[in-house]
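What follows is subunit A paired twice: with subunit B in the first complex and subunit C in the second.
Showing the complex of A and B:
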């Protein structure tokens, strides 16, 4: 784990380094005034140590990162870290709302589909999954926006209505988690909660559909394989009722491959937030990165990359641990 | 014996699988009785329908499989007419089963103890603690050392032989009246095989249950069974008491099987192996199903199917040329100097 972190920071730093001193310098300068004198550029490069050898610069940079100094963000108009921390709760909220239906519904329907293999219900579920799997997710998002916003006007883009937005920015609003739906409940404003939820529905559906379809397919095929196993017959031969055979004996085994994919899907979902937040005009980490890319805001991009890598590493660790919990053949050292 | 007293009666059982390639007649007319306390052997090569026969009796066929004909009577009840909700109470409690592959027959994600306790809790009115004690007792009875420790281990932590013992413990935990052992020792090495057979024999005496021993190994039959059903291509071709069968085989297939047992005290390991393979159940030959491999086959065998008839008391065979076979055996045994 620490090794992976070092590897990741090294890779990211070499990207910074590859930019070269001149371009990096640009990100330190806040006005053209600074470059007035002819030798100003060289002086500043010296001052910030941009011409030092790579290892020295790397260690310096790493030291800054460890102290929470990720550089200045042009997009956030403040330090990169505070800018990201401010936006992260929104993305977290979106992801949580997307993950819960993905995992629960996909596994549930995957099992149903496998148990009723080739029956009508199975065919029906499979068609739905196939559509989700084959339709590019941004196309699906735009379609949703077209139907439910433009045509029906049910679910608007954005975060909350303007009037609620003002309340949420006011002083009496308790920012506890910074996630609109949860804070709304904690502040006792059910109307804001409903409104925030209404704004979440389309992005959540867009974000979830692809991974939902994917996880469903994995669950179904894994379940079909497990149901053919000898130990399932053993369970039936002992007189275990069929629903327990499926929900306990088969499902626990079938979850082993599903777990890896579920971990991957969390990471995939986070990646998906970049375009989902953009399409549905939401504030969040994904949108932050998209904006940073258009502005060539190096430090924001690097910060985002570090941030997502960190989440990915933690995500994989969680998958490994849950693997060991489900499968006794794997034991953590 | 009077079949009315039989614990299990199987009459002209036919089990077909509806597959994409057509109807697989895996079991196509099988009749036998099993009495309390005895061991019935069912022997035949791979693919003869031995497993499907036992799965049919326990009603554990997959959805492609269908009992297309015949009768199964267990303790006087028509098994095919028992509703699934009651069948669940019979399985594991009155009838139990041990499978061939101890590696795959136990669930890898549950402890051995859990899997035994589950059967006990399903069928007996005991609490978890009592069930656990019973599971440990069972493990001890099947000869697993340190049962208090093993009970919390997972299948992958046990050797093949230990796993099969755990399977046996599970099957016997509810004291069944009938136990199907489907090639319980095939996957084990020879010394372990002998131990497991010995164990099953002594447990059978202790519990007084009926045992149906399914195998392709006549050696196991000789060791364990009192009566024997020989199956070939979904049919019973010969039935006899065990000594009679070995002394006076009355079907060329049985004779072939007997000669295929390696005799270690002789130079030639295998005297006469049955040539060819079991026919494809999608496409059985006309007439006698053994005609493609039988040294005695004639045109009659290729056209007409021989019925299963009594050749003497308690001994039946389905062959047109029992006389010729008797002659052949005589010559062969004389040649051996036996």
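Showing the complex of A and C:
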């Protein structure tokens, strides 16, 4: 794992370094006023060692990483690591709430679609999936915002309403997980919990619809393949009820490829979703990394890549382990 | 199952409606502060928070940027009240400090806090930040950085005196560093009884503007609290350990240390929110609104929806969305103010000697496929390009009328602004006549090719580039001006290295004095001089530098106006650039908000002036 992480950072570091000191300087210059003093550019280049050879800069950075210093994040306005740790709970919360409908509904729809292959319900679900797959998330998100907030006033953007937000920043509030819904329950504030849920509904709906499309298609094709197997035919020939054939014999075996994709979707969600976070004014890793890339905030970009690589590696490990639970033929050695 | 879903939905929906709270004001904006410490603050988002958390010595009188009122100083120094005194050519400004003022920490403000604040800023002086202003003012433009000031005093470069670990390189270097504070910095800002005395090397017309409220570089900090939080200890021995640190290494980066009308509750960098709470012990009386939430919501649709739904009281509307703001006003959901001047100018300037190695001048020769490096040193070329800018159409069509044409790079309302000077003229016939004279007629006969750059995403710059390309090419098919969009880092880098044949750039005032614009654009030592090339610098030294320096040192307004007028007349005569437009402001608030008025020196909102009805 360390080798992969070093490889990832080395590649990104080289690409950023190749821009040269003059371009890297832009991450410290937000406006021309910052160059008012005659030698401001030279001072900044020297201060941040932008003109040093790439191996020197990389080894310095690596040395700092080993001491827990990931550099200063221009986007986070604090150290890169604290900035990411501050945002991760929000992404985790959104992932937790989104993944339940994403997986359950997608699998359910995929199974229904496969079982009713080429019938109206199958066609309907496939069109539904196709629309979700084709629709850009910012368009769907904005549509939801328009209908459910601007027109109906039901589900606002943000994390919680302003009054609750002020309570959550007061001295009496016990910030435990930084996840509003969970902290609300731990603080015994069911009203804030409900409000936080209300703010989660549209982002979850947006994410869910987009991921359903993908997961549903995998489930459907996997189910169709399994339903053609001999042992399914045998089960049916023996008179096993159709419900048990589907649920017990077919569905479980069809889940192996689905699990890979579902695992990937969890990893993807943990990496954050830029547009959903931006449209619904939510905090998260996706927006952090997108802002870092826009501002050429290279310490944040590299820190984010490291963090995301770590998530990918751990996530894939978890998926591999879970294979063994689903398929007894697979054993971990 | 269906019943559970319906009940949950009903519960969620029933809880949503919260009446607009008159004690809480929500401002939806774009961007977020870089810091809450005046040490690193050089952006409007940081400035907005700091001006609410901290007081300065003096403040502006309403909308004026030339009339001052007392703030932490009980009087505004002037020659008439005897608080501006000349001694041996030096000018002393005496500020009597208000007694009984409390910081948010409960500490009482003293003159020593004022001295500490300014000395801390000067010694800290992070690269690329704002403290060149006070250094320039104190030294009569002799220095802009404390490192240069030290080098002049000590006879050694700062980098030769202090190593990378922030330790003096030698005993001699340490002695110089200590005495630099004791002999140079400390005497400049001294406590005398209950006053603080600033000593300037000579007159500097913009000094009061620099220390005035809304300038975060003049915010007075709680020195006791700063030291408790590990900031500079106020001693001569060791000041260099706090010089040029990162933003988060200073005491008040994310912590309130002022005496202003609002206290910091939290700066939530993840949620892009700054939450402020009224300071009930504020010396001028508590603010009307108890809680303020400044919330960075980058997506316009979201911002507008929240504002429209009544979940926000103020929202940032880009000029391109003026129609939508006016539509909300027509529905009684908003009050829109527009047309007020903003301290900013956007201009196009020419590079009289493009740096070697530029990839934007084609063949590098006047052969129809490029331009020579000194192409724009010919006045006829500059004039011809200037006649190709259709400013009226640009302002009407591109920025929705939220801008004004001005004669030079000096905003309207500033000292020296002269409306009798001619505005940029769109005249293709005159442009053709100038092109025919350029380079002894060679330009017209051979044609040329060059690239005009803009940073992608900046629609205004892109449109100007495309407009010039279209009109210049329409005059003569041999003229080829190619607009080229590049990323901001490339744009900045190419400008700084003098590679661009011409560049479009804006300037937002640091302080509302003409010096801040005139010197920036026109002086040989100005911020934009380097990108206009060595030939421009030589011209500026010969033609305008003396007048610009004399103007900032003059104490008589009439004299300053005369000098600035002369510089502007030369800028027009020699077509140093094209003043593209001066933006005008757009403010959108809910009808419940009262008390706002435009003030060009202010960053964002000063919530102390605002109130909110039910």
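By definition in this document, the second predicted complex is superposed on the first by the 269 of 333 C-alpha atoms of A that agree within 3 Å, B and C clash if a C-alpha of one lies under 4 Å from a C-alpha of the other, contacts with A are read in each partner's own complex, and residues count from 1 in each chain.
One rule holds in what follows: a contact is a pair of C-beta atoms (placed from the backbone, for glycine too) under 8 Å apart; a residue touches a chain by one contact, two chains touch by 3 or more.
Everything numeric in this text was worked out from a predicted model, so none of it was measured.
Asks: If you count the residues of subunit A that each partner touches, which comes out higher, subunit B or subunit C?
Replies: C
Asks: So in the superposed three-chain picture, is A:290 touching just subunit B, just subunit C, both, or none of them (first/second/both/neither)?
Replies: So A:290 meets neither subunit B nor subunit C here.
Asks: Answer with first, second, both or neither: which of subunit B and subunit C does A:19 touch in the superposed model?
Replies: second
Asks: Have a look at where A:169 lands relative to subunit B and subunit C in the superposition and call it first, second, both or neither.
Replies: Second partner only.
Asks: After the superposition on A, what does A:276 contact: first (subunit B), second (subunit C), both or neither?
Replies: neither
Asks: Give one of first, second, both or neither to describe whether A:262 is in contact with subunit B, with subunit C, with both, or with none.
Replies: Once the two structures are laid over each other on A, A:262 reaches no partner at all.
Asks: Considering only the defined contacts, which subunit A positions touch subunit B in the complex?
Replies: 229-231, 233-241, 249, 252-253, 326-329
Asks: Considering the complex alone, what residue numbers of subunit B touch subunit A?
Replies: Listed in rising order, the residues are 55, 58, 60, 88-93, 96-97, 99, 101, 104-111, 115, 118-119, 122-123, 154, 156, 167, 170.
Asks: What does subunit C use to touch subunit A in their complex?
Replies: Residues of subunit C touching subunit A: 11-13, 15-18, 21, 24, 26, 32-35, 42-43, 127-130, 132, 144-145, 147-148, 159, 244, 246-248, 253-254, 265-266, 268-273, 275, 291, 293, 295, 297-299, 301-302, 305-306, 308-309, 311, 488-490, 492-493, 496-497, 505-508, 510, 520, 525, 527-528.
Asks: Which stretch or stretches of subunit A touch subunit C in the complex?
Replies: For subunit A paired with subunit C, touching residues are 19-20, 22-41, 43-44, 46-47, 72, 76-79, 83, 86-87, 90, 142, 145-146, 149-150, 153-159, 161-163, 165-166, 169, 191, 194-195, 197-198, 201, 278-281, 283, 296.
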